[in-house]
Structure formats: C-alpha cells, structure tokens
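Naming follows writing order (A, B and C), and every chain is counted from residue 1.
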Amino acid sequence: MNKRKRLLSHSFGITVISILMGFIVGAIILHRTGYNPFEAYGIMARGVFEKPKYLVQTIINSTPLILTGLSVVFAFRTGLFNIGAEGQFIIGALTAAWVGYFLKLPPVIHVVVVFFAAAIAAALWGGIAGFFKAKLGINEVITTIMLNWIAFYTQNYFVTLESFKKPDSEASYAIQNTASIVILEGWKKSQAGREWLKNHPIWRDVLKTDFNWGFLIAILIAILIWYILNKTTLGYELRAVGFNRFAAEYGGISVKKSIVASMMIAGALAGAAGALHVMGVSHKVSTLATMEGYGFDGIAVSLIAGSSPIGCILAGLLFSGLKYGGSKIQYTMNAPPEIISIIIGVIVLFIAMPRLIDAIPKAVAKIMPFVSRRRGEKHVG
Amino acid sequence: MLDNIGIIIGITLMYATPLIYTALGGVISENSGVVNIGLEGMMTLGAFVGAAVGYYMGNPWIAFLAAGAAGGLLALCHAIASVTFNAQQVVSGIAINFIGPGLAMFLSRLFFKGATMTKAIDINHKIPKPLDPIFEGLSLQDSFLAQIFNQYATVYIAFLLVFAMWFVMYKTRFGMRLRAVGEHPRAADTLGINVYRIRYICVILSGVFAGLGGAAMSLAVVSLFSPTLISGQGFIALAAMIFGNWKPQGAMGACLLFGAAQGLVVFLGGTSIRVPSQLLSMLPYLITLIVLAVFVGRSRMPKADGIPYEKGGG
Amino acid sequence: MQHIDFKSKVVEMKNITKVFGNVTANDQIHLTVHKGEVHALLGENGAGKSTLMNILYGLYRPTRGEIYINGKKTDIATPNIAIQQGIGMVHQHFMLVEPFTVVENIVLGRETTNFGGVLDMKKATEDVISLSEQYGLYVDPNAKVEDITVGMQQRVEILKALYRGADILILDEPTAVLTPQEIRELIEIIRNLTKEGKTIILITHKLKEIKQVADYCTIIRRGRHIDTVDVSAVTEEELAAKMVGREVSFDIEKKEKERGKVVLQIEGLTVKDNRGIEAVKGLSLEVYEGEILGVAGIDGNGQSELIEAITGLRPIEAGRVKMNGKDITHCKPKEIIDSKISTIPEDRQKRGLVLDFSVAENMVLENYAKEPFSKKGILNHGEISQFSKELIQTFDIRPKEETLKARILSGGNQQKAIIAREITNDPDLLITAQPTRGLDIGAIEYVHRALVEQRDKNRAVLLVSLELDEIMNVSDRIAVIYEGSIVGIVDAKEADENRLGLMMAGGGAEE
C-alpha cells in the first residue's frame, strides 16, 4: 500500500515540477526579451481571478479542453494514442450544428438529441481508426492524423452547402434556440432580465459571457469516465488491453472489440466537446482556415492530467486559464501571448521526461552535503 | 491542354518540395529509431526564421540555412528528451509542436512590431529560379517546358537531397550504422557503435530538414511567414514518410502525390470546372488511408522505431 | 587439453563485484582463463554468469574489481575496448540486424570503405568468405539474416567476433536454441577454434555439454564464486551439487495411477506461424484424465503454435480439437476457457499477467465478468480482493498484499500467482508450457508438485517443455514433437533419453 501511494504521489510530483519548469522557462524567455516576467504572470493571474466574469470565461473555455483531454486519456488507457480528437471534435461540432439547425424539437429534448447525435457521429469517426487498428493493425497515430484532415475538409465542404451556409458569411446558420445550452439565454435578453441585471452588475458581467451548462456536463462526464474505467468490467477489459494486450487476449478478452470500443468512446468524448461548444458558445460552424487545436490541446491536457479523468478537470482549467490569462499580456504590456504555447510545450516536454525530473532531487542531494560542509556543518550518516 | 498539364506538374513540384524536405527529416530520424511527430513544429519555426532572416538580411541562402539551423536547434530539444532521457517520443514531439509555432509567433511579434505575420520579402530576395535566364534567352518563359522545369532552386535541391539521402542510407558506412541503430540498437551497441550519438545526429538532421522545408515554403512558394502558412504540412510530411515506407525515394513519391492534389486544387480554382476544392484537398488523405489498408503488412517500420534505448538495460 | 598454454593467462578477473540498485549480481568473483582453453561458467538462471561476462565485454562496468587481459590491467569501459582487446561475445539472444545480409551483419561497426565512408561490399564479402573457410563455418554471405536458420545465425555471430580479430570468444548459452545435430556441429567448431589458438568461455547450465567440451569450469551461485574445477576430474552430479548448493534429486515422488477417459482430442491439426508457414502439420494427440502428457521437442518445432491453437489464440487451418467430446476447433479464447481448459502460459509476463494490474485484478483475469466478481457489468472490488487474499494465503504468494502491482513480484511468485489462478478455475485440462523457465530450484519443485497434484486429482495435464529432464521426471507419457508433428509417443517409465533426443532431432520415428 505504501509503495502504491508513493508511486501515485510521485507522478503528481512530476506534474507539479513540470508546471513549475514551464513557468520558469517562460519567465527566462520573457526576461531575455525585455519583459518583466513577474508583471506578465501577475497580469495573467489577475486576468483570470480579478473579476467573476474572467473566472467564468476561463471555466467556459475549459469545457472542450476537459472533454478532448478525457478523450485522449480514455484511448490512452487502452494503449492507444488518440491524435484524432481534433477531427472527432470537428465531426461532433459539425453534426451538432447540422442537427441543431435542421431539426425542430422542443427545448430540452433538442439539446439531448443534438448531444447524442454529435457524440454518435464522432464515435463512428473515432471507430474508423479503431477498426483500422484492430482489423488491419495500422497504427492509430497515422490514421487519426489522416482522419483529422478529412474531417477538416468535410466541415469546410458542408459549410459551402446552400441550405446550410448563411449567405454572406463563411459560416453555417446558427442553431435553433431550442438547442442552446446558454444559461438564462432568453431571460437575460428579456425586459425583466435586463432590468434585474442593471441592478446586479456582477451577474450582468457573468451572464454577458456565454455562461452555459457545458462545464457541469463535462464534470459529470469526467466522473462517469472515472467510474467506467475503474468500476466496470468494460473498464477492466479496456485497461487490461492497454497494459498488456497479450495477457488480455489470453484471459478471454476480445482485444479487437476493446480497441474499437475504446476509440469509439474516445471519439464520442471529443464529439461531445464539439457539441457543447456549438450549443454553448459558437452556435454554428465556420469555414476552417487552420485546425482550431481543441484536439491537440486535449493531448496536452491529458498529459498534464497524468491520464486521470479527474485530473483532466484540473488540467483543463489550468490550460484554459493559461490561454485566457495569457491573452491579456498582449493588451496590457504588449508582450506576445504565444509565450503560453511555449510554456505549455515546455510543461509537456518535462512531463515526457520523468527521468530528468527524477534526477533533480538526486543532483540536489549530491550538491547538498557539499553545500552544508562548506557551511561547516557536520553531516551524520 | 499540354500547357495545363505543365501548369499542374509545375504546381505539384512546387508544393511537393517543402514536404519532401520535411519527409526526408522524418525518414532519417525514424530510421535511426526516433519517432518525430514534432516535424510540424520544426517546420513552422523554420518557415518563420527563413522569412525573418530573408527579410532582414536580404540573402535567401543565408535565410535558408538559418531556417535549417533553427529547426535543428528545436530538434535538439527532442533529441535530449527522447534519446538521453528516454522520453515517450510521441509526447516529446507533441511538446515540440507547441513550442515551435509558439516560438515562431512569439519571435514574429518581437521582430515585426507585434504582428504574427512577417513582412513580405522583396521578390529579388526570394530563392531564385536559376534557370530563368536560360528560358528567357530561348524566349520560352511560358512554355510547357518552363512550367515544369523552371523552378525555384529549392525544388532542385530537394530532389538532389532525396538522391543524397538514399545514397547515404544505403551505400555508406554512416547509413548502414544508422539503419542498424533503428533496427537493433543493442546489436549496434555491442559492436561499438555509439547509439546515442547516431540518434542525436539523425534527430538534429531531421530538424534541419524540416526547417529547410519550412523555409522552402516561406522563401519560395510564398515570400512571408504567417501563422497558417504551415498548418499541418509537417503532419502531411509525416504521413508521406509512412506512406513511402520509411524510405527516401518512397517518401518523395508520396510527397509528389500530395503535391499533385494541391496542384489540381490550385489549377481547377483558376478554371471553370466545378469540383468542390474541399473534396479535392481531402483526396490525398483518403488515398493514404486506402493505400495503408490495401497494402497492409507490406510496410516495414524500423523495428526499434519509437523505443528508447537504454544501455545495459533488459 | 593439449592446446592449453598454461603459461599465458589471457583473462584474469579479480574480485569482481557488480551492484544493481539493491541487488548484488556479482560478489567478488574470480575467473582465470588460459590461452586455448574452453572454460565453462556454470550456474543457475540468475546466478550472475551473464552479468560477469557483460562486464568482461564492456557492457557493464564493475562496481569493484580488476580485469587483466594478457596480464595487463585493463579498464573495459565499452564493447569497443573489449573488441580491441580481442574479446568477442555471442549473446544468447542473437544481436543480429534481421533485414541486413550476413555480410552486412558481420562487418557492421568495422566496415570496409572507400573514400568518404562509401561501403565496399565486394571486398567485405570476399573477407567474410575467406574467414568462413578458414574456420569451417559455412554461411551464405548474401542471404538476409531473417531468412536463415538459427544455427546459421549463430555462425554469423561467431564470424562477427572472429572478423573483429577475437582471440577470446564468450558464448552465452549457445546450445539453448539448437538441435542435437547443430549442437554437435557447434562442438566441432569450438574444437576447431581452440586448435587455432582461440580461447572460449562458455556460459551454460547444461552439465552434459560441459563434460563434452570444456576443460575447466567455474561455478557461480547467487553471485558468488563457488569453485573452479578440472572438468575431467568431476562427475555431472558433483557439478550439479555445486551449482545448486545441495544434493539434487531430479526425481519427483509420484504414485502409480490409472488414466481415465479421453479429455482432449486433437485430430490432424494444422496451424501457421506468424510468417504464414505451417508450424503444426496434421498433428494428432490425445490427453487422458489423470495423466501428465509431456510434449518434448527442440524450440521452434511448433510447440507454441500448438498451444495457441488449442487455446484459441491462433487460427486453425485444418483439423479438429475436441474437449470432453465437444468440438472447440474455432472457438474464441473465452469459450475455450469456459470449456474447462486452463493454461499456464509459456511467457508469464507476456501472456500470464497484466504486470501493471494489482495482484487482485490479475487473479480474476478470466473471471472478472462472472459473479461474484461483477454483476451487470459493475465490478465488486470487495469480492475480488477477498478471493485474492485467499489465494495468496493458500498458495503462499509473497509479498502477501493483493493491492501490489504484479510487476513487483519475483518471477517465482508471479508463476505461483498464475498457477493459483489457473488451478482454482477447477479445469478438466491444465495446459502448461515451460512452466519452470527462469525459476530457481525451489520454485521448480513447487511447480512440479503442483502439476502432479492436478494429475492425482484425476485432471488431465498437458506439459510442453524444452527441458527434457523436466519432461522425463514429471510426465506419465511423452510425446515427441518434430517439425509440427508428433513423431512418437512413449511411456515415461520406458523412455530413454538418447532415443528421445534422437526423435527430437527427427532421427528415429516410433517403431
């Protein structure tokens, strides 16, 4: 038991040290290029925590990241690298926009239908990579990269369709109001709502954002995924395949089915991210000039989360806070906000090198007696 | 008709070129046993450095080499992580894909007054088309032959590099050793071959090539860097390398296929033929998927590709 | 022995100690080898033989101790230095680059080149041919290594060392994968080499080979130097006693027993290996209640494929498998497990355990989906850990902690955990492949007793092993597999080792 605990805290320690290293490297770069890192980090922190609406915006932005992070984590637990969360997100978003616009359904039901349609479409999309891996043994990293681009151009193609494309724009029509998950959307635009909000500026600020149910749903999904992985026979099978597919096969678990199932669930999670994003924030899909990066960011989130579903919530919030707070250094101190990408990259790089981080305390331990001897202290043992 | 074919082939070569450099980077790294999914980030940084140095120095060749150096430096991070510290190579590559573009745009804002797009390089300071005078002398500027053969110097260099890479990999001592390291590093180690050194060299070279590929984009195909300039070409190059069965000549063929799709999109955009360009752009990825499925089992990845080597372990 | 030059000590290792973390693999070991000598290093698996030789070859650095080569103190920091000192090593797992040709493998790291590092393969090929003729080591220089036999690959390894000018050759378990003919040829090669003045260090745990070919033998036990003996002056039994540290009785107590009805029936089974070549060819076999049927054979004659086919892990091309009269030919692994077949797999870390699962999770690998361990898809962790605690107690698995990862357990305890799980499944047929590989003597006895116990409970046991001694000691009947077919079945009591050996090499079918 002790050993197990130590291992757990150990990997948590690696995450903390990696995050610290990311900030240190970021600070060095900022300093070298003539910006005060303390000022920059201060602005970033205030940019997240100073006002309730900032915090709300951070939470809103974290929703797709938590879910794409979960998607990567889920596949990873079955030993698969889901580089395809990006494409699955696109398929989810596209399906959500399509179903949200064309179907006319009563409020809550419409949301549920859109959500599941998007999740199922993205599950099938992810399942393609699973099928290629299970049946043909083709590395999922390759197929998911291909599928990302196919999804990318699929969305761009659909956005050109006459019935779907809003004239004079590079985007689709907005989804029906019945499919929106923005909180109090109708009320905050009504007479009474505006009256009330006028007298409650904090709430007015908060509701000015796209404050929506997405985050809550993401948390519920994260808990559900934790439960599936750890408490169900399905989770047992998927983890067994992830750790050792040969032993799993020997134990009577169908490896192929598990791989397809895992990729489908991973796809569904990324698709859910797309759906919640469309229903809660964007309300439409646009022509993509370049990848939006929700899926790739999800990979970083999953790595920072140490492939724990609950960790994804924290890592998603961290990531979202970094990006949102980081964007503010541009306006206030004219510093490049891309420092955030560098910091995130450095964090991931250090997470990839547990061995380096392991070496740090040893190196410190080597130096320590030397230092204390110089201080003239006696070293016992 | 003939001219149209010429145009398509010309565009194909132009667009295939950045991919070829980068795919060659993938070939050398992965044959030595290090997966390099970070090509995208290295290519982006190379594209920026090429454009920036080209703009400020006015010499495309210095810019081109600087781009290679930048890519190589970024690749050094990948090498340190994945060779020395046994990092998960895909993870380390993903980190590179955050750092590369982040650094490119960060630096762009510093050097171009807060803009993530660099200023365009003067047309005379782009990579030259060395055969221009010849075709002009023969008054063949717009002929079929010129469409195909009058290319930016980077195009010729790319094809020379493919040959050079093939020669080095299969006909020289270094090539034999690097393939041995990618297949069976312990065997190479027991024969006194320094696995770490070879992997370092190959990973750094892969960054150099990816950097050159980025610059081939920003110094020849266009004349500036913008955040969306590379957007995914590094991944396409990676796919081309796999499609090309981890061989330089194969990767080149795959890059030409991807370039051809691009060529068709550009060409058809200028005609009255109505084919959705999005579907056309999608084609190479679909073809890659289908080819992978049909030729399954035929592709042979270096056996130790992606596996960190530990001296004395196991 | 006439070619030993006692005046010249080519290798002297003094007080060699090597510590890995908390484990002392070598503890002040001495080794002296003279020129022209065949010196055997004898010890059980994990005794520290390979570590010692890896130190001599520069793959590991000793924690303490000194090495003298030809009387000169040498710091062998890398294999390169070892090669310069004339040391060559043929590893147990061949260090060959499979898609490379024989010549490419031999010259790798010491290539003949023209200007600028361009390879001169023509010259290299000529060199290799003349070298192979000099020592009588025939090879096809342009064949790809992945296409040649294991025996040939071993020759390539020896040539590799000779090409580097090796005078001292370390052979690590060279006969483990060879057929008896190939072993005979190897012994001939070793004699040729010593005649040419080469020195051979032979790592092995096979006493017979030591008696056949070695001049001197150094015995290592648990990392310590036990003795160095003149091989002609000791018996096999004496060597064995030194190796394990006590008198060994190879026999196992076993009551007479009548076998019952047929449990497993295999008819005309044909199975392909990973390369698509038929590894099992029209094999027929029956296993009865209350018997242990041993399958003897050299590695690579279709044993693994046979087991994988029975257990549903590998597709069957032709033939039928029946269990208790029921056809299970194309069934899935799950259905085969449910037809009361349990398997102790060949590779316990690859097939038998999910090393990153807890011991408890491993204990229900086949039964996690059954009550009481789960209900409607939801696991019952309480039941699972209760069940595991019982097994840990009953089978004395250590450490006694079901939440630990299986990875932390020693090899012997991992094997105990698998046996516990498989036996508790209450099978009618227990299949075991190489159940004692890599285990120490104590654990081996434990496993053998467990097998006999199953037989005594009237279960059928199919034992596949590469260790002929194990087969002969434990089995009731012995089937010999050669090139994917059963070439003969004999009663264990009447079995004769020499005759079995001949059959294993395809030499003599059943009369």
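Keep this in mind: a contact is a pair of C-beta atoms (placed from the backbone, for glycine too) under 8 Å apart; a residue touches a chain by one contact, two chains touch by 3 or more.
As the structure is a prediction and not an experimental result, all values here were calculated from the model.
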item: Set of chains whose contacts include both subunit C and subunit A; value: B
item: B-C against A-B, pair bridged by the larger set of C-beta contacts; value: A-B
item: Centre-to-centre distance between subunit C and subunit A (centres being mean Cα positions), rounded to whole Å; value: 47
item: Distance between the centres, which are taken as Cα means, of subunit C and subunit B, whole angstrom; value: 46
item: Where subunit A and subunit B are represented by their mean Cα positions, the distance between them in whole Å; value: 29
item: Touching two or more other chains - residue numbers and ranges from subunit A; value: none
item: Subunit C-facing residues of subunit A, complex; value: 1, 3-4, 231-237, 239-240, 243-244, 246-254
item: Residues of subunit C that touch subunit B when the two form their complex; value: 54, 57, 59-60, 78-80, 83, 89, 91, 95-100, 104, 108-111, 113, 116-119, 160
item: Touching residues (chain side subunit B, partner subunit C) in the complex; value: 171-174, 176-177, 179-180, 183-184, 186-193, 300, 303, 311-312
item: Parts of subunit B lying in touch with subunit A, wherever the complex brings them together; value: 37, 41, 77, 81-82, 85-88, 90-92, 94-103, 105-106, 109-110, 114, 116, 227-228, 231-232, 235-236, 238-239, 242, 276, 278-279, 281-282, 285-286, 288-289, 292-293, 296-297
item: In the complex with subunit B, residue positions of subunit A that touch it; value: 29, 33, 81, 83, 132, 136-138, 141-143, 145-150, 153-154, 156-157, 160, 289-291, 296, 299-300, 303, 330, 334, 336, 338-342, 344-349, 351-353, 355-356
